[in-house]
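After this come two complexes, each holding chain A, first together with chain B and then together with chain C.
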Partner chain A sequence: MNWDFIQEYLPLYESAALLTVKIGVAGIALSIVIGFLCAVVLFFKIPVLRQAVSVYIEISRNTPLLIQLFFIYYALPKIGIKINPEVCGMVGLAFLGGSYMAEAFRSGLEAIEPIQMESALSLGMEKSQALRYVVLPQAVSISVPAFVANIIFLLKETSVFSAISLMDLMFTAKDLIGQYYKTTESLFLLVVFYLIILLPVSLLGSFIERRLRYAGFGS
Partner chain B sequence: MAEPLLKIEHLTKKFENNIVLDDISFDVAQGEVIVVVGASGCGKSTLLRCINALEPIQGGSIKLHGEEIVYGSKNLAKMRQQIGMVFQSYDLFPHKNVIDNILLAPMKVQKRKKSEVREEAMELLRRVGLDDKAESYPRQLSGGQKQRVAIVRALCMHPVMLLFDEVTAALDPEMVREVLDVMLSLAKQGRTMIIVTHEMQFARAIADRILFIDKGKIVEDTDPDTFFEHPASDRAKQFLNIFNFERSK
Partner chain C sequence: MPDLGLDVLFKGKNMLRLLGGLWVAVKISIISVALSIPLGILLGIVMTWKNPIIKAVTRVYLEFIRIMPQLVLLFIVFFGTTRTLGWDVSGELASVIVFTAWGTAEMGDLVRGALISIPKHQYESSAALALSPAQTYFYIIIPQTVRRLIPLSINLITRMVKTTSLILMIGVVEVLKVAQQIIEANRMTSPNAAFGVYLVVLIMYFLICWPISMLARYLEKKWR
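Right, the complex of A and B next:
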């Protein structure tokens, strides 16, 4: 292992990691919003929208991220929609993640007994109030484990961003291997940086899960 | 007689082609306690759910203070505030403690001050013997305690009328008593209530009127003594017989 090489190219990885995190966080935030909206549409069985959401979820879950990114980056410009690689990565991640988040939210919503909604309504709440104060808080805490798993899954998926010429971690590693043939060092740094990004998320996730399970509703 | 508080006329409820409530009509006067009895599946729970518009109805009308309660209408939430309902299964919100369960609707729906509702809630909790449980979560309470909290939660909205849907059906016998005692004291205060129950002794003690429903129709609508001593219909005689046992030895 050539430690000098590692030291020299550390800053390159740092900026690449920053880019990965930036696009990852934005894409995941967007996918949570999409997932939430889709789950509400499915839960309330809103006509037309519901069918549209189902089609979206099937497309999103049954195509690889790489192909979704290619489509956004290479095919859309042909019909006049041009977006820069960073936005492209974000949109791609959100398109993929939206469906997974939707399913996580939906399973949480469906786990709540209908009586909860009914008793909130019979106290004179509007449907939106019942959703906000009674159903959602319970559904979200049930969804948390699936939710954390999705976030980790999506962060890992960011490794295909290099395919649309984003200078992310994977891109940097491949680039260095191509230039200097320092395969071991380049891949070592790649693994270390992905661990630095993902381990805290995993640990925080299991911490939150434990708190929700034992403390949340009183034990 | 004065204008009835609740007026139900020709209420019809169907699930698909299955008629659950068939041309039901009755009035409830202010302060009256009505107990609805009948075999399982006769439609008595559905009747309560229709009054609170948790179910759409296919015919007839339900009027509270002369104002119609319509499923899906804009002022439904307003109408429901006037009707308190307690369900069979524990419908407390598990993610909130007892006091927050009670305060939620008065604060969010009626926009009342927290301090004011809290004071009222604590007083009501004290009366049902649960003031020391204000900070507990529902899963830390027994079934009977949960139902008493559910009753307090409904009362804090200042409803003009209370609906009880088999509130003791899921409870141990000892806990049944503590819940029924709370309901008896509400009746003594002159609350208007419609109660669906299988506790016949209790029905007889608390009711001003008994409605006996069979196959979606009101078969008897009479005072409790007449109903239990001299039921008019064969179906009611048959039904009451279920609760009589002959000595086996």
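Right, the complex of A and C next:
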């Protein structure tokens, strides 16, 4: 292990990790919004939109992110839709994550007995009030474990961004291996940086999950 | 109607080449699934043992494999181990190793989850009915765990197929690589080939994964 090399190229990894986190967080935030909207559409069984959402979910869940990114980045410009790599990574991640988040929210919403909604309505609440004050607080806490799992999954998926020439961690590692043949050092830094990004999220996730289990949700 | 470059697909053997590339990816996922299901069942059973050392070792293995992006694991095996161990590993072999290790971890976790989700009273009731331990496992525990496991392991297959698209990044010639080659070869005659070819690749993956997920969902509903 050559520590001088590691020290020299540490800043490169730092900026790459920052890029990964930046696009990852933006993409995940977008996918939460998309997932939430889709789940609401499915929950209220809004006609037409519901079918569109189902089709979107099937396509997004049954194709790999790498291919989706290739399609967005290389194929869409041919019909006149040009976007830069960073936005492309974000959009791709949101396209993939939206359906996973939608499924997480939906499983939470479905776990709430209809009696909750009915009782809220019989107390004179509006449908939107019932959703906001009665159904959603319970549903969200049930879907938290799936939610955290999705966030980790999406952060891991950001590793394919190097395919659309984003200078993320994978790209940096591959570049250094190709340039200096410092395979061990490059891979070591790669693993360390992914652990720095992913481990806190994973630990936080299992902590929240344990707390929820103490509270007796879902049983 | 703009030129979408779909005509390229029907030139020469392009469609066959794409399907051949797809088969490379699918073959790797089939081999990995076939290896990781039995290994995962073993790992899952081992993980329910009470021995603290075994528990710690399996836990670390599981957490490391699951927290690392699969692409990082591919890099470690393809670039890292070849360098440190001095062996020569082909891209295909490296992918089978990585996907088997990953599939085993995922499957092991599923099996462990299914085993510990069987309530204790199932064991106790069958003991009260004078069933022997072997009979308990055979007639009571295994049927219940298998029902829970089959939909989940089918889902694992689709995840495996989707993840095999990553092998492009370690230089295995699979469907995306073939797609790139076709687009490059035809860039003069049909500059818009990228649209049609990548669309077809997207549809191909969808057509493989969608029926499998439908089956998993159907079984999940039926056996709930």
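The rule is simple: the second predicted complex is superposed on the first by the 214 of 219 C-alpha atoms of A that agree within 3 Å, B and C clash if a C-alpha of one lies under 4 Å from a C-alpha of the other, contacts with A are read in each partner's own complex, and residues count from 1 in each chain.
Everything below uses one rule, namely that a residue touches a chain if its C-beta (ideal position, glycine included) is under 8 Å from a C-beta of that chain, and two chains touch if they have at least 3 such contacts.
On a predicted model such as this, the values are computed, not experimentally measured, just so you know.
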Q. Can A:Ser141 be said to touch chain B (first), chain C (second), both, or neither?
A. first
(Q) With both complexes overlaid on chain A, does A:Gln116 touch chain B (first), chain C (second), both or neither? (A) first
Q) Between chain B (first) and chain C (second), which does A:Tyr194 come into contact with in this model arrangement: first, second, both, or neither? A) second
Q: With the two complexes superposed on chain A, say which partner A:Thr63 touches: chain B (first), chain C (second), both, or neither.
A: second
Q: Please work out whether A:Pro47 is in contact with chain B alone, chain C alone, both, or neither, and reply first, second, both or neither.
A: neither
Q: Identify the partner contact of A:Tyr133: answer first if only chain B is touched, second if only chain C is, both if each is, neither if none is.
A: first
Q) Of chain B and chain C, which one touches more of chain A's residues? A) C
Q: Note which residues of chain A are touching chain B in the complex, please.
A: 113, 115-116, 118-126, 129, 133-134, 137-138, 141, 216-219
Q: Over in the complex, which chain B residues touch chain A? Could you list them?
A: 52, 54, 77-78, 80-81, 83-85, 87, 89, 91-95, 97, 104-105, 108-110, 136-140, 150, 153-154, 157
Q) In the complex of these two chains, what residues of chain A are touching chain C? A) 58-59, 61-64, 66-68, 70-71, 74-80, 152, 156-160, 162-163, 170, 173-174, 177, 183-184, 187, 190-191, 194-195, 198-199, 202
Q: Using the touch definition up top, name the residues of chain C that touch chain A in the complex.
A: 2, 4-5, 63, 67-72, 75-76, 79-80, 83-84, 158, 162-163, 165-166, 168-169, 176, 179, 183, 191-192, 194-195, 197-199, 201-202, 205-206, 209-210, 213
